[in-house]
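Got some structures for you, see below.
Presented sequentially are two complexes of chain A, the first with chain B as partner and the second with chain C.
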Partner chain A sequence: MRSMTAVLDRTRHGRFALAALLAAAVAMAVPFYFAPFQVFQLTMVLVYAVALAGLNLLVGFGGQISLGHGAFFAAGAYTAAIMLDRFDTGHLATLPVAAAACFLLGLGFGVPALRLRGLYLALVTLSLAVFLPPLLKRLEAVTGGSMGLTVEKPQPPAWSGLAEDQWSYFVVLAVSAVALLVARNLLRSRVGRALLAVRDNESAAEVMGVRLSLHKTFAFAWSAMFAGVAGCLYTWVIGFVSPDSFSFVLSITLLAGLVVGGLASLYGPLLGAAFVMYVPSVAQDLSEAAPGVVFGLLIIAVMFVAPTGLAGLASRAGGAVARRRAGAAASDRSSVAEPPPESTSEPSAPRTPVDPESVEAEPVGAPPRTEKE
Partner chain B sequence: MSGPPIDGTEAGETAERDFLKVSGLRAGYGQARVLHGLDFSVARGEVCAVLGPNGAGKTTTLRALCGMIRGRGSVTLNGAELLGRSPEQAARLGVAHVPEGRGTFNELTVEENLRIGAHLRTRGRWRGRGERAAVAADLERIYEYFPKLRQRSRQAAGSLSGGEQQMLAIGRALMLRPALLLLDEPSLGLAPLVTRELFEIVRTVNQEERTTVVVVEQNAQLALDIAHQAHVLEAGRLVLSGSAAQIREDGQVAEVYLGVPARSGQGG
Partner chain C sequence: MLTVDGITVRFGGITALDGVAFTVEPGTAVGLIGPNGAGKTTLFNCLTRRCTPDAGTVSFDGVDLLALAPHAVAECGIARTFQNLGLFPRLTVRENVMVGAHSRGRTGHLAAALRLPRVRREEAELRDRADELLRRLGLEDLADHPASGLPFGTLKRVELARALAVRPRLLLLDEPVNGLSHGEVGQFADLVRSVRRDFDVTLVVVEHHMGFVMGLCDKVVCLDFGRKIAEGPPEDIQRDPVVIEAYLGVAA
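Up next, the complex of A and B:
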């Protein structure tokens, strides 16, 4: 039994490694086959994906809410821009500083998050997003006021022979891959388990010795840190920050993107980021006024068709395919198959075989039964 | 309020006899006072049943013991004061609470649920490779107590049946290696057969691990079967205390408070 699960684990890991390798190969090839503007768009998808992965930690896995993540994003972006503009530090140095600054900022905001929940927390975080742009305008000496700051983009080294957009893409790809991996490992660690337990059942988690205050505050801090890293990347890619780039609409767009992509899913942030990036720009081609309308209508449509987001939709489709294939395979070689029961080896469990850790936000398929047996 | 006498089942030291010592425990919710001063003790390694009708304060008692609600008076576990601590601090002192309605983490797998039970053990003074191996061994031990959980170890807890969830909740609490296990109405919503199985396992755990248990139950028969001592609670006061056998024999009390037909024996 135990060795079976080990074997199962290995094949799962193998499949995951294969998928990751494939994804990496595609990601590496992409900038050579697309026009610069398209490469830029893909780069921005990755930037948003990092921010959404952070928001996902807080909202999807932590069960809290934030309408203020645009502010952390902005804080990261401005930290990088100010360092580049005023202190000429070089790009690489801005990343850890932006991350650390936003981590601390998030830690500070995690404290009120302990006492507030639901709508109240949403309102407090929203106020952060609303008040930051005017503040940035006021602090003209440092932030450049409403004119913003223009900074240099990272330049490709001569040996690489890459264009600027391609280089930006690779740099962002590397950082976002690391960030997404960190987010994934964080969730699989003891801390991540505690976070999920708190979301599922706060008081039960507490009686098991999980320190609520610690985990909730740190969820906020981690989450803000990811948003800050994304903001820093934003500055690198765009080379310009201004208060108007970070209005409270950004915060709401981030949250909407996450929900559409799939809460509490590991690759939901990527899908959500693509949604946030592409839907408005595609809609723009239709008419000037279309983006808002199309964006809104699409959110409604996704919520109706796929309440667990695009990631939930994808994993459900994947599960159906796997089941069908498993059924066919089982009837093919029913005698050759290993002894363990189907229930452990086939994806009848709510997790998908490809990504065993992708938990869906709402237990659509598995309502807790109370009176059975 | 007279402290109920504890029959000297074993004439051990007071420390062993008063492993859990509750004195003058008062607790409630907001304005509503539920417990009006409870006094009782549980000896180390014994099972204590708290019985009583709905609304008597059974659940409130357990909540006060584990720190979920604030209590007044004094509750000591092995000499350490429990009152005034948070649930998390109480857990650190070895109190494992299996809440009413189980409180499993429904979106986590069975194994993840169990690992949350060992949350405290994988850090701080327990940190290290040795403890990790011990947690793995404990996981194995829990699976031996509850073979059904092993079969479902990778399934989401929300997809388990009620009985399995209750097993999971108890298993999760045992992963804490508790000094004191608090069981709140383990039979709630379960079929009689399942409940019986569950109580048998609790008895086995108690015998093998010498875990002290306080179980709150409406199903007096079952609880008395595994308990050494029992207390009957009514409207926030203890109205009867004694050994499980004494309580079972007390015909009138049994009839009035527990709905057990007097002198009909233990039934089938």
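Up next, the complex of A and C:
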């Protein structure tokens, strides 16, 4: 039994490694096959994926909500831009500083998040997103005001023989790969489980020894840090920041992207990022007059077809097939006059692989369930 | 082991507990009975720091429980189950049990993010221990099943497994057999008895099922309207006219 599960584990690991290798190969090859503009778009998908992965930690896995992640994104972007513009620090130095700054900022905002939930938390975080762009305009001496700041993009080293867009792509690919790996590591640990437990049942988690204040504020901090890193990458790729790039619509777009991609899914952020990046331009093609309307309708359509997001679509389909098969098998068995299942405590009860995604379709910002005491 | 002295809890004008005092000796099983609203669950909530009494003391092995932060209670070796289940529905059965071992782990946020070797080691250990508990309670086939959608009786066992993952010295069971069928109550009673022996835990059980309480417990404490009205061995409690009156009422 043990050795069998070990073998199963190994094949699963093998298959995972193979898939990862394949994805890596595709990711490496992509910038050589596409036109510079398309490479740029893909780079932006990766940038958004990092921000969404962070938001996912908070909303999908942590069960909290933030309508202010655009502000953390902007903070990261401006940290990088100011460092490059004023202090000429070089690109690599901006990344840890932006990450650390946004981590601390998130930690600070995690404190009110301890007391607020649902709509109230949404409002407080939204106010952050609304208030930041005017502030950036005001602090003209540092931020360049409404005009923004133009900074240099990372230049490819001569030995690489790459074009600027290709180099940007690879740099962003490396950073986002590390970021996604960190997010995955966090979730697959005692810390990540604590976060999930808090989302599912706060008081039971506390009785099990989970320190709520610590894990909730850190979820906010990590999440802000990812947004900040994404913002920093944004500055690298675009080479320009201005207050109007980070209006509160960005925060809402991020949240919409996450929900469309799939909450509490590890690869949902990638799908969501692609949605956020490509669908507005598709919408533009469909209707030049009202791309926003088309974008909105497409979001509604996706949520209607796939309430658990694009990431949940595959497993939902798989689950439905498995259920139908299990249902057919069960009806076969019951036709052979099997006694009705009397003792429900038998572990043999519904063995149907209920897909975990289908239970994740809880509305964002829904009040967490607390058991009656 | 556990000494509760003069616990009083008021919710607004209602006195849920009024100077309740009793002790639990190591290795014993104490039953807590009383009609609905007598304050049994409130008492449990005081023991696990879910609510703070207005007066009184609770000490566990010389530690003042009321001075602890709520999350620190598990570390002391106290675990509980909940009246209407307090599982994490979207986590798998195994993950539920692994959260139970949270207080036994050390991994912090930074170490987890970097997945240091010791994090891997700890994960493997926690996982093995969880699997062992699941085997012990006959749940190994359901390890990867999400906790939602399982039958009630099974979930009760999952919750027991999760509580045992805390490695408790004191286990508080809040109505462990409510909602179970007659046959299941017997099975669960056997399970609790064997768990009590194998894991060497001291038990406090809130339960209305008198067969279960009387068969399991060495001592029974009866509450009514927040007051302790009787305390003693099960057979005395069963004959105590005050208890009978509180529970059944007496003909006028």
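In the analysis below, the second predicted complex is superposed on the first by the 313 of 373 C-alpha atoms of A that agree within 3 Å, B and C clash if a C-alpha of one lies under 4 Å from a C-alpha of the other, contacts with A are read in each partner's own complex, and residues count from 1 in each chain.
Heads up, the rule we're going with is that a residue touches a chain if its C-beta (ideal position, glycine included) is under 8 Å from a C-beta of that chain, and two chains touch if they have at least 3 such contacts.
Just so we're clear, the structure is a prediction, and the values are computed from it rather than from any experiment.
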| item | value |
| --- | --- |
| Chain B versus chain C as contact partner of A:V182, first or second or both or neither | second |
| Chain B versus chain C as contact partner of A:Q38, first or second or both or neither | neither |
| Which superposed partner A:S160 touches (first chain B, second chain C, both, neither) | neither |
| Partner chain in contact with A:L196 - chain B first, chain C second, else both or neither | both |
| First, second, both or neither for A:L212, with chain B first and chain C second | both |
| Chain B versus chain C as contact partner of A:S287, first or second or both or neither | neither |
| Touched partner set for A:A204, first chain B, second chain C, both or neither | both |
| Footprint overlap on chain A, comparing chain B with chain C | 190, 193-194, 196-197, 199-201, 203-212, 343-344, 349-351, 356, 359-360, 371-373 |
| Chain A residues touching chain B - in the complex, by the definition given at the top | 1, 5, 190, 193-194, 196-197, 199-201, 203-212, 341, 343-344, 349-351, 356, 359-360, 363, 365-373 |
| Complex contacts: residues of chain B adjacent to chain A | 66-68, 86-88, 90-92, 95-97, 99, 101, 103-109, 112, 115-117, 119-120, 122-123, 150-151, 153-156, 158-165, 172-173, 176, 189-191, 194 |
| Residues on chain A engaged by chain C in the complex (per definition of touch) | 182, 185-186, 188-194, 196-197, 199-201, 203-212, 218, 222, 264, 342-351, 353-354, 356, 359-360, 371-373 |
| Chain C residues within the chain A interface of the complex | 41, 45, 48, 50-51, 69-75, 79-80, 82-92, 95, 98-100, 102-103, 105, 107-109, 112-115, 119, 122-123, 126, 138-139, 141-142, 145-146, 148-154, 156-157, 162, 166, 180-181, 183-184, 187-188 |
